[in-house]
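Please find the structures below.
One chain, subunit A, appears in both complexes that follow, with subunit B as partner in the first and subunit C in the second.
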Partner chain A sequence: MHAPVGRGPTGLAPINGARMFNYALRRILYSVPIAVGVSLVCFLLLHIAPGDPIDAIAPESASPQLLAELRAAYGFDRSLPVQYFSWLSNVIVGDFGTSIMTGRPVLGELANAVVNTLLLSGGAVLVGFVFGLLLGTIAGYTAGSPADRAATAFAVAGISVPNYWLGLVLVVIFAVNQDWLPAMGMGQGAPFLSWANLRHFVLPVIALSVIPAGIIARSVRGTVAEVRKQEFVQTLHAKGLSPFRVFIHVMKNSAPALLAVMGLQLGYLMGGSILVETVFSWPGTGFLLNTAIFTRDLPLLQGTILILSMFFVVINLVVDLAQALFDPRIERN
Partner chain B sequence: MNTPTSTQAAASGSDIPRARISRSFWHSVARRLSRDPVTIACTTVLLVIALVAVFAPVIAPYDPYKTSILVRLAPMGHPDHLLGTDELGRDLLTRLIYGARTSLFMGFAPILLATLIGGTLGIVAGYAGGATNMIIMRTIDVFYAFPSVLLAVAISGVLGAGIFNSLVSLTLVFIPSLARVGESVTTQVRNQDFVVAARATGASDWQIIRGHVLSNVVGPVMIYASSLVSVAIVLASGLSFLGLGIVPPEAEWGSMLSTLRPAIYIAPMNAILPGIMIFVTSMCANLISDGLRTAMDVKV
Partner chain C sequence: MRRNREEASRIHRRALLKSSVAGAVAFALPFAGKAFAQTGEKVLRVAMTVSDVPLTTGAPSQGTEGLRFMGITVYDGLVRWDLSKADEAAKLVPGLAESWTVDEQDTTRWTFRLRQGVKFHDGSEFNADAVVWNLEKLMKKDAPHFDQAQSTQAAQYYGGIDSWSKVDDYTVEIRSKRPDSVLIYNLANLFFSSPARWKELGGSWEEFAFKASGTGPWIVDKFVPRERIELVRNKNYWDPGRIPKCDRLVLLPMPDPNTRIAALLAGQVDFVEAPPPDAIPRLRASGMQIVTNQYPHIWCYEISAREDSPFGDVRVRQAANLAIDRDGLVKLLGGLAVPAKGMVTEGHPWFGKPNFDLRYDPEEAKRLLAEAGYGPEKPAQIKVIIAPSGSGQMQPIPMNEYIKENFAAVGIDMEFEVLDWESLRGRRRAGAAAPENEGRDGVNNSWAFWDPDIALLKTAASYEAPPTGYNWGNFSNPEVDELVKKAKETFDQQEQDKILADIHSRIVDEAMWIWMVHDLNPRALSPKVEGFVQAQSWLQDLTSVEIS
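Right after this comes the complex of A and B.
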């Protein structure tokens, strides 16, 4: 790596438009087969499931004739490729089928849940980012000192802790022993920015934020240490810049890597919030997944998994594109 | 990457330098590890937990399934039950000891399987290149495109609970990342001069893979796999916590957390105890992995 030569006053280097466009196009095209593959896995998941999906819908005493009718109604009687393509073409236009349990469209059930999970995960990534940045910067700047060791220990603890257990511990401390914060649910009907609503976020967001905090702390520590070794930092010092100004330069150079870590963490949390959501009875996608699994509501299960994994695919894409945009040194194939 | 092992393999034929160089690499790793108190402490803790798990029937004071209505949720320090009892009056210490068996198994077994399968896939893909590489790695990419918790929950949810199904689902979750590490190292090694030289001297593919590729791939893959053990422990307990892994009455830390959960209002200490075990084990696994990485000087 070399110092960022030719950066304009905005701090962003002039971007070579054609090359960026080429990269973006290639990166987007690369996502298409991945997305198709992901949809295929989501579809096939249900067909490796033991038992006939129709059993979940039909009453136990159903006659063979009724079973056949139901099978035809849900399309289970057609060949797998036919089922896949008809499912895919419906999904593309937003038709995820009908939930077996509630009889309502899966998309409607998903919409609210996705928003609730996104709020939780987004909050957790932000909180994790702030703490991770703090810990990582301290550690990176004082590498080898007791402060570094303490910060690094916190980071390892954050990565190692089972976040659902941490959620339980937080409930015991702040909801059972002290009646400070609610143990479960969301603020019903309260305005979003009111304390009555936001207080429901505090514990689950903290529980969910420890993993991103730990990961971001580690990666900040690494990047800060690496950037500080680069020659341009010595030059800035030699030019007489204040330590704070040098720090800003260091951070600016670390930003693309951090951005990538944050984006991926958001994706992981969206897909992985089920455990913490279960602890806090949060009405998000985790709750939907849980319901879908235990009631064998296959369309709902399929839809939820598909949406969450597609979200991850898109986030990966956006992160890569944003990184290339912010940091012209990145060239990948 | 550890170049000593590659030069070692290139020098095969005269066995003296080979043996000496090889020993000195692992010697220096062992020496560095022996000076790292954190890694030593964590290894000791994990070993103790493992020993306790192995000798559970001898050590455990009670039968892990023996319930008692009279001493439900007895507090810690109870005269008969050191760590108290659970919601059915079963001795918590006993169940934590027996739980170590399943929880440790679920932390290590999937990683071991995934390392073997993923590592092999990665080496084959990296060494063969071309169409084989494309087919294997693009398939891996698809599974890599799922967030790990989601994939584990989805597979376990579909297959149903149980120790075997959890093993399958966790192994599948960890294969993609390990295959990627294996593939990227193999691809690098394949184009090195010593491989070209070996091929020129008439070494077969199998000889090259065994002598040059494996010796270079094992380090990074092992280090990466070791960093996943803690993830596997937490994830496996998580599956059980959701009711998708080990099912009660079998003792397992995650499923104990789940059945004790309603008790957080009455006996919070009892309810959070199994989680402390998960946390300690996972933290030790992480710190050992960090220690190994530093000692072997491997960047993954």
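Right after this comes the complex of A and C.
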């Protein structure tokens, strides 16, 4: 008798595999125009913004002739549509061009930075999501109690504290004053799982995870408290289900809303943090973006923005699919 | 594409290696930051202010910081700066060229006798062929080894060169486009990469960047872009007096000043560039050494001498210079600057004997302004372009606010146009006469005076207005123009210094720019660092540094 009730509001219909596949395929295809749109908007914004990449690299005394030669050498003398389509056609075949400042291929620069950022944000996702879920669930289950107030206070503090400031404070306490952890940089070639390497992750991961932990904790608290008030939960209790099984149902019904929040946070984290990566001299995508902006390195900037926007597109797709898996009521047609 | 795939596969392998080897050797190194000590090597770790390792191929990017860390470390020029003294301005001395002469009949013809027995790090020989090959890599666009990235970065230095040729194995001739005594200064910044290494790597500058080979005192050992570069001592360096005392030099890009300070205090680095002034007391209290010295830097407003600007009147320019309380400004900067008396520092060979004293005299400033037709009811309205940060810009926001108050006190009403650094450089390059600079009376672009061109000749001559020179505000003085021409054609150093001093005296008397302070270029060093001599230069020599 438990099963039909247990499925509760989420158990309306089995998921149709073929429909899901079609939906996923369609969404993947949609991501192509989104990517083109994002790249076009970025391209135009970068060209509207003041500052010229050639000015950034040309010598102080560059003659108009030298400036014209440099513009031609880097292809900036062509019309904007020609520049854009030339860049796009190269990107389609995997050639993101060459960084103006370093002369290195953008793809290589990006691949290194993405790996470094994924390592850092992976840690932050783990810490932030676990703490956020834990605190939010405790607060949602004990709404109005001192435990709820403490958890909510932490969540508000987490959202409010600027992460780069927290990074600096952590560095002062744990690196400068106590000499327990390094102040900056990645491990210097030490084995990945060794403490010599992992100790470099501790402070940036904490700095990076506090905001998502706070946001998730608040969302989880609100959603869990809301779901717990619903009639089906009372029915479950009345049916004699154990508190743990009721908890599972509550969480399952809270999942779609939480997945959306977590997906967004995941996107932000995967995109790297300009501030935290700069504070810790972490050579990830945020650090790369910062450098590319200040040096007007257009090929590097365009490539980085395109890849970061693709992170969001992919994560949104995964979140949408996961939501549908948890709650088939969400119409995906 | 081949390179891209290799890059991607290298990264993939690296990631895989990171995770697979991990279990076996986990916990092997308790403190990576101190791992070097275990090898017995003497390692000097430097935190640079740049956000990436400058180009490693031979023509460094990132301005003078690039020359400092990726130029004179791995490479040599035909001439070099003597950076061994702290108490006098750095001078040019022979480098890879033992000597040189300028043809008296045709002063565009320079002949360089090259030093014999010099080897690149790969063991190949440095000779006239290598010089020719390197000039081709920068200037001969159809040469197989032409490299656009290096050509762009070095354009500032080879711009005066017209042609070159090998005379014999150890003699080269370089012709300048016109008689140009300043050419020799620029040659100090043209470095020589190994043709043999480039060929060995299949003619790839991308590969060369990772296995760079020059003739310098340091050899590239390991390069991780955007993260670090490690150099090791060149035991066979041709100048025995400059063989590095440390075994290894680790250069780390660290653009955030607080990160650099934290890394020094945490023992992760030993040598920090440009610590922020407010961190100096904390660093001193922690036992760190703070090293300062004058160098060819001036924090200034380049101003418009055009008729449409209030600064078109010399009295207003002088009044602005007298309105500034430079001692107060130095105090604001924690003592890490010296008040300016002109473009160059007092005591510099080019200072001369200006009659106009850049002192703090608000009353005289008011009088001059009144003479020029300005007063409390009609303040001089000016607009100056500033940037919140940038190379050599010190603390631009508080400094500019301070000067605005000083100006207001005498009757100069200053408005700012705030741009980011690169945009400001673009507007500086365009000159006051450019349409985008209409209504702008000045630009706050800190300046250098390491060679006669940048210091005086291309800033003061009326025919050196942008885009050819640096005379932003169209300053014009026929006598100065004549002196500039004379200086360009004077190849005797002492004679040239006298002319330059004369030019300097005249531009100070005419208050060509508004000069505020010279930076003292602080560096913070761990107590373990010994033997560092901070030269009066934008470049510094790390070969003498020891780690105790």
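FYI, the second predicted complex is superposed on the first by the 285 of 333 C-alpha atoms of A that agree within 3 Å, B and C clash if a C-alpha of one lies under 4 Å from a C-alpha of the other, contacts with A are read in each partner's own complex, and residues count from 1 in each chain.
The criterion applied here is as follows: contacts are C-beta pairs under 8 Å (C-beta built on N, C-alpha and C of every residue); 3 or more make two chains touch, one makes a residue touch a chain.
Predicted model, so just to flag it, every value in this text is computed and none were measured.
Visitor: Fit or clash for subunit B plus subunit C once both are placed on subunit A?
Guide: Partners clash after overlay.
Visitor: State whether subunit B or subunit C is in contact with more residues of subunit A in the superposed arrangement.
Guide: Comparing touch counts on subunit A for subunit B and subunit C gives C.
Visitor: So, A:171: does it touch subunit B (first), subunit C (second), both, or neither?
Guide: both
Visitor: Given the touch rule stated above, what does A:308 touch, subunit B (first), subunit C (second), both, or neither?
Guide: So A:308 only meets subunit B here.
Visitor: Looking at A:281 after the superposition, I want to know if it touches subunit B, subunit C, both of them or none. Which is it: first, second, both, neither?
Guide: A:281: touches subunit C, not subunit B.
Visitor: Based on the superposed arrangement, let me know which partner A:294 touches: subunit B (first), subunit C (second), both, or neither?
Guide: both
Visitor: Out of 76-84, 256-264 or 274-282, where does subunit B collide with subunit C after the chain A superposition?
Guide: 256-264
Visitor: Using the superposition on A, tell me which residues of subunit A are in contact with subunit B and, in the other complex, with subunit C.
Guide: 50, 168, 171-172, 176, 278-279, 290, 294
Visitor: Show me the residue ranges of subunit B that touch subunit A in the complex, using the header's touch definition.
Guide: Within the complex, subunit B contacts subunit A at residues 138-139, 141-143, 145-151, 153-155, 157-160, 230, 234, 237-238, 241-244, 254, 257, 261, 264-265, 268, 271-272, 275, 278-279, 282-283, 285-287, 290.
Visitor: Sort out for me which residues of subunit C touch subunit A in the complex.
Guide: Those residues of subunit C that touch subunit A are 1, 3-4, 7-8, 11, 14-15, 18-19, 21-33, 35, 51-52, 55, 57, 61, 147-149, 152-153, 155-157, 159, 205-206, 209, 224-228, 252-256, 258-259, 262-263, 265-268, 419-423, 425-426, 429, 453-454, 458, 467-470.
Visitor: Help me check something: in the complex, which residues belonging to subunit A touch subunit C?
Guide: 50-52, 55-64, 66-67, 70, 73-74, 93-95, 101-105, 107-109, 111-113, 115, 168, 171-172, 175-176, 179, 182-197, 199-200, 278-281, 283, 287-288, 290-291, 294-296
Visitor: Give the list of subunit A residues in touch with subunit B in this complex.
Guide: 33-34, 37-38, 40-42, 45-46, 48-50, 156-157, 159-162, 164-166, 168-169, 171-172, 176-177, 267-268, 270-272, 274-275, 278-279, 289-290, 292-294, 301, 305, 308-309, 312-313, 316
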